[in-house]
Every structure is written in C-alpha cells, then in structure tokens.
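First the structure, in the form of structure tokens, and then the observations on it.
Note that the chains are named A, B, C, D, E and F in the order they appear, and that numbering of residues resets to 1 at the start of each chain.
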Amino acid sequence: MPFNLVIKIGGHLISKPDGIDLDLMKSYANTISRSFTGGRWCVVIGGGEEARRYISAARRLGLSEAFCDIIAVRITRIHAMMLAALIGEKACQIVPESLEQLVEYSASDKIVVTGGLQPAQSTTAVAALAAEAIGAEKLIIATDVEGVYTDDPKKNPNARLLREVTLSQLEEILRESSHAAGEYKLFDQLALKVLRRSRISVLVMDCRKPENLEKALAGENIGTLVIPE
Amino acid sequence: MPFNLVIKIGGHLISKPDGIDLDLMKSYANTISRSFTGGRWCVVIGGGEEARRYISAARRLGLSEAFCDIIAVRITRIHAMMLAALIGEKACQIVPESLEQLVEYSASDKIVVTGGLQPAQSTTAVAALAAEAIGAEKLIIATDVEGVYTDDPKKNPNARLLREVTLSQLEEILRESSHAAGEYKLFDQLALKVLRRSRISVLVMDCRKPENLEKALAGENIGTLVIPE
Amino acid sequence: MPFNLVIKIGGHLISKPDGIDLDLMKSYANTISRSFTGGRWCVVIGGGEEARRYISAARRLGLSEAFCDIIAVRITRIHAMMLAALIGEKACQIVPESLEQLVEYSASDKIVVTGGLQPAQSTTAVAALAAEAIGAEKLIIATDVEGVYTDDPKKNPNARLLREVTLSQLEEILRESSHAAGEYKLFDQLALKVLRRSRISVLVMDCRKPENLEKALAGENIGTLVIPE
Amino acid sequence: MPFNLVIKIGGHLISKPDGIDLDLMKSYANTISRSFTGGRWCVVIGGGEEARRYISAARRLGLSEAFCDIIAVRITRIHAMMLAALIGEKACQIVPESLEQLVEYSASDKIVVTGGLQPAQSTTAVAALAAEAIGAEKLIIATDVEGVYTDDPKKNPNARLLREVTLSQLEEILRESSHAAGEYKLFDQLALKVLRRSRISVLVMDCRKPENLEKALAGENIGTLVIPE
Amino acid sequence: MPFNLVIKIGGHLISKPDGIDLDLMKSYANTISRSFTGGRWCVVIGGGEEARRYISAARRLGLSEAFCDIIAVRITRIHAMMLAALIGEKACQIVPESLEQLVEYSASDKIVVTGGLQPAQSTTAVAALAAEAIGAEKLIIATDVEGVYTDDPKKNPNARLLREVTLSQLEEILRESSHAAGEYKLFDQLALKVLRRSRISVLVMDCRKPENLEKALAGENIGTLVIPE
Amino acid sequence: MPFNLVIKIGGHLISKPDGIDLDLMKSYANTISRSFTGGRWCVVIGGGEEARRYISAARRLGLSEAFCDIIAVRITRIHAMMLAALIGEKACQIVPESLEQLVEYSASDKIVVTGGLQPAQSTTAVAALAAEAIGAEKLIIATDVEGVYTDDPKKNPNARLLREVTLSQLEEILRESSHAAGEYKLFDQLALKVLRRSRISVLVMDCRKPENLEKALAGENIGTLVIPE
C-alpha cells in the first residue's frame, strides 16, 4: 500500500573532498526508484564538501552568513537535480525552491527531490518540514553513523546503539551526553519541534553502505527508530 | 547617515480580536515613513488574531500543521501589503515571499515590508534572517511588553526590567526564569542562532503606544537592548 | 461520461460573521470529491465576511478601491487553498492566480480550486470566464437564494421561482423587477457577456443545505436553470 | 508638479490592415517621453488589426473565445514591448501581465506600458483599472473619433460634439443614441464602474493626428472630457 | 513502443503572406495527436510571415536585433499555443519559455509544443537542443523542400535528392554546393554541434502536403535521413 | 559620459583546480565597481574548474549533454552571485536567468552580473547576446591569453600579437591558422554572428594580472581590438 515518506541523504555521503561519489549516488537513485510504488515521497539531499568549499570561499571574501548559506543551498539544488535525473521517470525533474512548491510538485505522483530551502536551516529541518507538509508518517535520515547512541562511542566505550528511542529521550540524550555537539546537527531545534508537533517517526541509519537504504526501505531492523513518544 | 535596520511588528499589536487597529497601523506607517532617510530597511509584520482564527479553523478541519502555518503566512502578507500601502512611496509595494526576494527588493532604495516566509518559523526568526541578509546592524522588536525582565513580572514582584543584556545572559534568563515560556516566543532558537552568528543587536520595546516607535528610531533610551556579547 | 464543470461557491456561504462554517466547507469538499470522476472541473470560491472585514479596514485606511479588491482576492485564495486541501488528492493543491494558470492547471486531471483574480471583478465573472476557458458546458452557482424569481419575493407575494429561464429573459427580469439591485450581483455584465458568447448554461441554486449541491451534481431538479437561448 | 496618468492608445491607431503605422507609433513614443517628468504613468495599448487577424484565425480553427482573447492579449503585449522600447530610458522595459505587476512596476519611476490582461476585458477596462490602481486622476483615451457626440454623427447631421459630459450623462447617451453600439466599446460596463467608484476623469480624443496627443498632454482644449459627476 | 521525438515545423509552412494556413495547421495537429502513443514528444514551431512582418517593423523603428528576435519569439509562442490547443488533450497547454521548462513539462506525459527561445537562435537550433534535452533519438524537420540535395536543384539540373547522408557529408555539402546559402538555414552551427555531440538522427522532409507528416511518423521512406555517422 | 559595456570574465580565471581565486575575484569586483559611473553594464562570468568537475561527474553518471550544460550554468550563476555581492551596491543582486531578464534588470541603473543561460552556448556567446540586447558598443573579453595572434604562438615562433583586427580577418585567421582549434572557443559561430549583425567591437585581453582590467577600462592600449569591419 502506498505510503508517504521523506528520505534525507546527508550531503557528506555523496559530495566528498575528492569529488562526487558516483557509485553511491547511482546506488541511492536505483534503490529509491525500485522501491517507489506510489504515495508521496520526497528526497532531501545536502551539499557536502562542495557546499563547504563555496561557503568557505564566500566567508573569506567577507560575504554575509546569509549569503554563504544561500550559495550552499544552490549547491544542494545541483545535487538534487543530479539525483532526480538519475532516478529518472519516477522523479519530478524540477527541484522545488520553497515548501509550497514542494507540496505542489508532490501532488504529481512523482518523487520530489529537493535540497536546502533557506539560510540558517539544516537539510534535516527541511526534511522534517517536508515530512509534515506532505503528510509523511516517517522520515529516514541516511547518514554516516549507525544510529543514536547512549553516549559518544568515540569517547565512551560503554556507549550503546539504541534501537528505539522516544523524541523526549532523544532530547535528553542530546542535552546530556558527551557527543552532543557533534550529533546535535542531526536534530536541530526546528527539526525537533516539527517532528513532535506532527508526530513523525524518524529512522536514523548508516548509509555509507548502499544496501542499507534498501534494507531500511524494506522495513529491516536497522539503525535507530525515533518515535514521537 | 543611512544605516540598515529591521523592525519587527508583532501581529497582535495590529490584528486584535475586534479587528485591525487602524490608528496604530497608520501611526507605525507614518513613523517609519518619516524616519526613513535611506539605507536598507525591512519591516516584518505578523498575523495576530486574524492568523490565529484561520489557523484554528484549519486545525479543526484536520489540515496539517504545515498547512495551518502556510495560511498564517498568507495573512501576514496581507498585513504587509497594507502597511506598505500606508507607508506609500518610500515602501516597496510588493511583498517578498522568500529571503532571496527580500534581498533583491531591498536593493531598490525602498523599505521592504514582509510577513512570514515558511511554516514552523516565527516572524522574529524571519526578522533575524532579514537582518542578516540585508546586513542590518540592529533589529527592533516592537511588541507588547516593556522589554526583557530578570524574571516574570507577573509572578515575581522583584523582577527588574533590564536595560541592556548580552545574548548569553538572555539565553540564561530564558532557560532559568519563570517567565521563560511566555517570553521565549520572542527569541526562538533560529532567531538566537542568527543573531549570534551575525552579531546583530536587538532592541525589545513596548509598541502599544505609537510614540514609542518614534522614540526608538530616534535613539532614545527605551526597552531592552540585547547585544551580541 | 466525464464532462467539464464550474462550481461557484458564494463566499458568504462559508465565511460568516462568526467565522468559517467548517461543517458546510467539509460537506462541499466531500460532495465535490465524491462526485468527480474526471473531466475538467473548476471550483471558484468567494471571500465572504472575512474579505468584507479587510476591505472595510483598507477603505477606512484610505487605500484605493483597487487595493481593497486585491486584498479581498488574497482572502478568496486562502479559502480556495483550504477547500482544495479538504478535497484532497482529487484537487490541484495550488491556486491559480490568472486565467492562463487556471487553464494550465485544469489540464492536470485534478479539480482546480480558485478564488478571485482581479479588482472590480466578481467571483461570478471569474466563474463564467473559467467555464469558457476550460470549455465547461455548465456553471453551477451555489448561493443563498432558491434561484431566479419573477420578482423580488420579499416585496412581491406573487413572485414565482422560475425553473428555467433564457439569458435574454433573465436580463429583462434583472432590468425590470424590483429585486434587481440585490439579485444583480449574481450576474454582472461581464458574466452575462461571457455566458452568452460561449453559450454556457447556469444553474442557480440554494446551497445553504449541503445536500443540495449533491442533488445538483446528480442532475436533480433544483434551483433555476439559465439557458443560453 | 508630477501627476499620475493613464493613456490608452487604441490598437487600431497603430496596427492597421497594411501593417504597423511606424510614424504614428514613433510619434506617440516621442510625445510621451518628452512630456513625462515624473509621477506614475501607465500607457495601455491595444492589438488592432493584427489581433483581429489572429482572433479570426483562432475562431475559424474552432478554438474557444477565451483562447481567442488570450492570443489577442499576447499581440497587445508585443505592441506594448515595441512602444516601451521606442520610449526608451523613461519606460519600464518589461510589460506587466497582471494588475498587481502593473502596480509593482509603476513604483519604479518609469512609464509602465502594458497591453491587455485577461479574456473578455477591453483595453479601456484595463486602462480604467490601471488608473484606479496607480491612483491616476485622469485617463486619456486616444482613439479615432473626435470625442463623445450627442448622437451618431454619421446618421444624425445635428449630432454635436460634447466638450464636457458627466459619467451619468454619458451613460444616458450610450443607452439612447443611435450610435450607441459602435461607440459603446469605448466604455464597457467594467470601465464605467471603475471610473465611477474611483472618481476618475476621462479625456476622449482623436489621436489620428500625432500632434493631438501633445496638445492633450499640454492641457489644451481638445476632445471630450468625461467627469465623474 | 513509446519513443522520444522532436518535430520542427517551419514557420513558413503555417504563417504565409495571406495569413495562417488553417487547413495545414489542423492537419498537423490531427496527425500528431493521432500518432502520439506516449514517450516524450516535443513540437517546435516557427514564426513564418507574421514574425517576419514584426521583425521588419521593429527594425525600421530602429530597435535592436535582439529586440527584433525577441518579438519574433513571441510570435512563435502564439503559434505554439494555437497548435497545442488544436492538438488538445494530448498536448501540454502551456508553452515553455526556456529549455529547463521544456524538460520540466515534457515529464507530464503530454506533447510539449514550443516556439523559439532566445535571440539569434533558429528554431532548428531549438529543436536540436530540445531533442538533446528530452533524450530524443530523432528529429523530424518539416519544411518546404524535399530533403537534402547534392547541389541546388534550381541551379544544377543534375542535383540529386539524397536519401541518407551522414552529418559529416552534410557539412561538406553545405560548405561546397551552390545552394549552401539558402539551405544552410536548416542547419546552423549550433544545431549541427548539438546533433553531433548527442548523436541525434534527423529526417528532413517536405511537409507542404499534410499527409507527408503522417508518412514520416509511420516510418515510410520519405525525405532525407541525416545520420550521426 | 556613461556608455554601455559588457565584460566577459573567463571562468578559468577565477575557478581553478585548487579553488576560487579570491584575490583575483575581489580585484575584478573592486575595479568594476570603481570604474562604473552609469550606463548599462553587464558582466558575464564563467564556471571554470568547478563547472568542469560537475560536468565530468554528470557525464560519467550517463546524464545527457544538455543536463551537463544546465548544471554548468548553475555553477556560473553561483559565481555571478558572488561577484555581484563583492561589487556591492552598484550591482544588481539578482542574477538574470534569461536574456529578457537581463534586459529588464539592466534598466535598474545597476551593473548586471550573469553567468550562462542555456545548454550548448558559450559564455562568450552570452556576452555577445548581452551586448546586443543592452545596446553595448563594446565587449571586453577577459581571458588568459594576450589577445589574437596571427598564428598559434606555441607552434609558430613568428606568430605576432595583433593590435587590431576586423571581424572578417579574425574569421579567416580562425579558419586557417594552426591555433584555430584552441583559440576558437573564444569566438564561436553564435558570438561571431551577433557581433557582426549588431556591429559590436571586442577587446580580447589577458586578465591574469588584475591591473589589466583597470587598464582596459581606462582605454589603455592593451590586448587585441576586434572591429566590425
């Protein structure tokens, strides 16, 4: 049965210091195309290393933080165009530039692929907003960590990967654990607010291995499921 | 000498349960028009009671939170159109619908008047983003409280109005004081993040009396000044 | 067999002095969604009490008639967004802002919901223009009177409800009868011109009872049918 | 002192069966450019013979009246582009496609040149709407008759050219005189409604001689002045 | 099996000195509509005599070459609108104004009809760009010559019609033969560059007889096939 | 006296394998800002190494040539945004995406900065089109060679730098000399066609040293001047 879904692909997974990871990008596109059988799907993709390089140049040129972010958004849109082109017929070949456009395009029975939308807003926040706007029950965050840990595994050998956690528990972990700073970017305040008010579940998972996305889409037990209480 | 400025006018100041406060709206328009002598100015106006009424109807109809917010944004844009029309020749007569448009229109040597931009985003956050994007040194938040207090004056008779406070002190007060919940809406996380990273000063002031805006624009000592450390 | 249809819902039916009539709005949405089985359908919705309130405020602020109307158009578009959201999957979730967009969106196999388009133009005129533009054979005007009478029933106890009337007869009635002034708004000159030149039939009917719209869509004998000679 | 003005140039004056009247078009452009010293000016130009030719082809192809009108609007916009280009620096080089754009562009201190806007709407109606929207005190209708007559001069040798007439008198003349049908196109219902509600004066004048426009702009006594009571 | 195709219809075929050739236009529309069974199709139509007339007027008015071309593009878009309206349900009823829009609309499972896009660019170049952008294997150029000859048949009685020619051979013929100047317009440098780099086949054929287009679409041996080596 | 000018900055000058050349970019921005005293100016900037990297990735992903070019255009627009931001107040802060927008923005008394516009079109062709569209008398091509040589200096030690050359002579050199292939990219067919038909002069100059642009703008004898016969 068709369901509504948002997948957020961290920019660092596909845009690396030595260029675009073509194999991973192709693999994501194929998996998403194969798995899609209707419903409203939205894929949000980040800017990764390319965006960081432009932000750094713009900042050194003395341009404003807002400007730096707008440039980064432009890069994420290029990545979104590429991913949409790779997904092919099943994807909407135009990248929305606002949440209203995103809703509009998602009515076309095609997968909508988007990048960032606005300065000072993470792509995770975009993904949460998109999930709310298209009525998605679930948001998959494809990233480069296994999931949510009780503490930072690099510092605390006793840190455990959590299989399921409530939004409230997650917020407590983020506040208290020693890996908060690094991990926090996955869940900024805007994302958390939206996830809670619209009761959206999140699956945080490691997508460095392309087959993991397929597993997640097939409902296999992978990563951490964050449930809205 | 021309300077760049953002003024945020709380929607509840002009849209009240018994309708638009025509006198206050006219007064703001006149004050802003008279005070403007160049530079880039942006006025952000909220939706107030009208927005709340539509949000409430949409929510009871079972529509999504994102949809409710989008409707509220539409109401804020109507208020922005009205304010721009009242300001007249000195104001840009088209309301930007994205931060990029806002930057674009602000290059026209006219005051740009805008409302909200996106779901799950307060008009204070919009004002902070606008301040960053147009390079404003200062953001005036026109609201219905005197400024920032050490605690909630309704609960704590010893609460003092602060004349100046750093962003860090403000955040501590918001976390600890008993009036945090109510006051907090003035400074959500996104607004605070933007104010800090772009080092923008904020003046929080009571604008229920129309002459106060004139005082603030004339540099009189009024309300609370929040400085970026 | 699919056919092309325009339904005009008077703003006063859903936006009343005490707020949006949620039950009626939901009922219209359900009826329209259930009845639609293809073809090009367009629903035009008015601004009602909300629009009147903003027009009144803008006028007292000394703003131009054109501006007042533009604000009213904005309110009708909010109503159109809400109705489209309630209709759901079968409706285009973006509200056209010109007749050319309306034609464009109506090619999407979805019901297009729109509000007003331009100053000095009634939503009935919009409905007639829409009917012409999408090639509709029929226009249903859902309003708060039973149909077209031979005279004003409030003044003339002998006034009869007409079951069928030609456009020419209608124009004569509008010119001569004592209820002309009030009724006339249903058929302004632009609407009449378009109905005649493109030979569009109109059903005027009372939609205060939600089941009446269903009856009209099912072809039951209700209201007054205005035929193009 | 700058004032706000709308000039409507009948399409038949510049687009004739044997092509564009280059001399007349250049002359209008020069006169308008020379006379403009600020304020908000809008020039509305019609489609003339070119538009008629396309309408006729579209109608014979069986396309809808709405479609025919949309094509005619496209032709008027080409004429508007040409006139704007001829006026040069003082004119906005982009043709508005809605009344809201027209208002927006008219804030740029340039003359806005536009064509038609919508099906079933005369360019005179557009001119009246534009006059209302930009706050023009006066609308000049440049056409191919001397002004308003008491009756059709072709049929009634006693018909007199009127120098001044009120809107109400004009309407009575249009209703009663034998030249009503032909003349009526100068003042359709929408135009009359807008002129009355916003109290706009109209000067109807013969512009087949290019120097007449200059005279009219210089305030010479020419044509018929229609005053809003 | 659906395939991707671009058809370029020379403007001179449908817009002639004595007006639009209604029969030919209808015939093209019917043939295209009947033949289309899916895949991405794009039809590019030129401006013909109407465009030439406006270009000539604009040039005599002293307007720039860029401006003349932009006006011609506007005329081609009117032709595209007419053809799309005649094709009806199977055609996208909005004319793209950039290559990006063209790609976007071609994802809608409808035939996209377009005109020119930019100054200094032939509609053949647009057709080649469109073919590349939508991944068409083939481009049909409907024109008023039988195909590609070995030399200009009007000057050289021994000139032979070629049934098949490679792009390289074509370029050599264009460079050397005496009919180069006239014929060359069919294949400007931009078109040739795009055809070669994306390996697109071209069928050049005489479309003055409407049945020829049907033959070409049915794969009959007609005109000259230009193959990318 | 103000004059109209287009400057084309080769992408390879500012986007190099090791990143954006911040010093050169700042220097160009400062020089352009200082030199501009009115008139219509347009700066066209290329994509350089960044564009090449994305094109290469897209091509290896099997995406179409049109798509590769569209991505490159997106990169050039980011460079244009950066350059416009660096120029500051004197530059239009929005990057045109079509020639019509370019003309529109150039009426704003600000320098318009743009990148590419369309697939299969060099930024030199864009610069020539822009020069024609804004009525520029001159186009400056800032590149990494000294100017136009009689032959390829790397292969022929007798090659001489030309100080002045006609368009016809240039075309002959391009056809005959041994450096044709490499040099040719500076002047593709579209650029040459536009330069000739609108009689635009071109200055080809080496801009690796930032002071050269200043010299060129000051009218010093530098590079090669290509004159339209």
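Going forward, contacts are C-beta pairs under 8 Å (C-beta built on N, C-alpha and C of every residue); 3 or more make two chains touch, one makes a residue touch a chain.
Remember, predicted model here, so these are calculated numbers, not experimental data.
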item: Chains touching both chain A and chain C, listed by label; value: B, E
item: Count of contact steps on the shortest path from chain A to chain F; value: 1
item: Rounded Å distance, chain B centre to chain C centre (Cα mean); value: 38
item: Centroid spacing, where centroids are CA-atom means, of chain C and chain D in whole angstrom; value: 31
item: For chain C paired with chain E, centre-to-centre distance based on mean C-alpha positions, whole Å; value: 43
item: Rounded Å distance, chain C centre to chain F centre (Cα mean); value: 55
item: Residues of chain D engaged with two or more neighbouring chains; value: 67, 70, 100, 103
item: Interchain contacts (touch definition) - all pairs; value: A-B, A-C, A-E, A-F, B-C, B-D, B-F, C-D, C-E, D-E, D-F, E-F
item: Interfacial residue positions of chain E with respect to chain D in the complex; value: 19-20, 22, 25-26, 53-54, 57-58, 60-61, 63, 67, 70-71, 74-75, 77-78, 81-82, 85-86
item: Interface residues, chain A side, partner chain B - complex; value: 64-67, 70, 97-100, 103, 117-121, 129, 132-133, 135, 188-190, 193-194, 197-198
item: Touching residues (chain side chain F, partner chain B) in the complex; value: 89, 92-94, 110
item: Residues of chain F touching chain D in the complex; value: 100, 103-104, 107
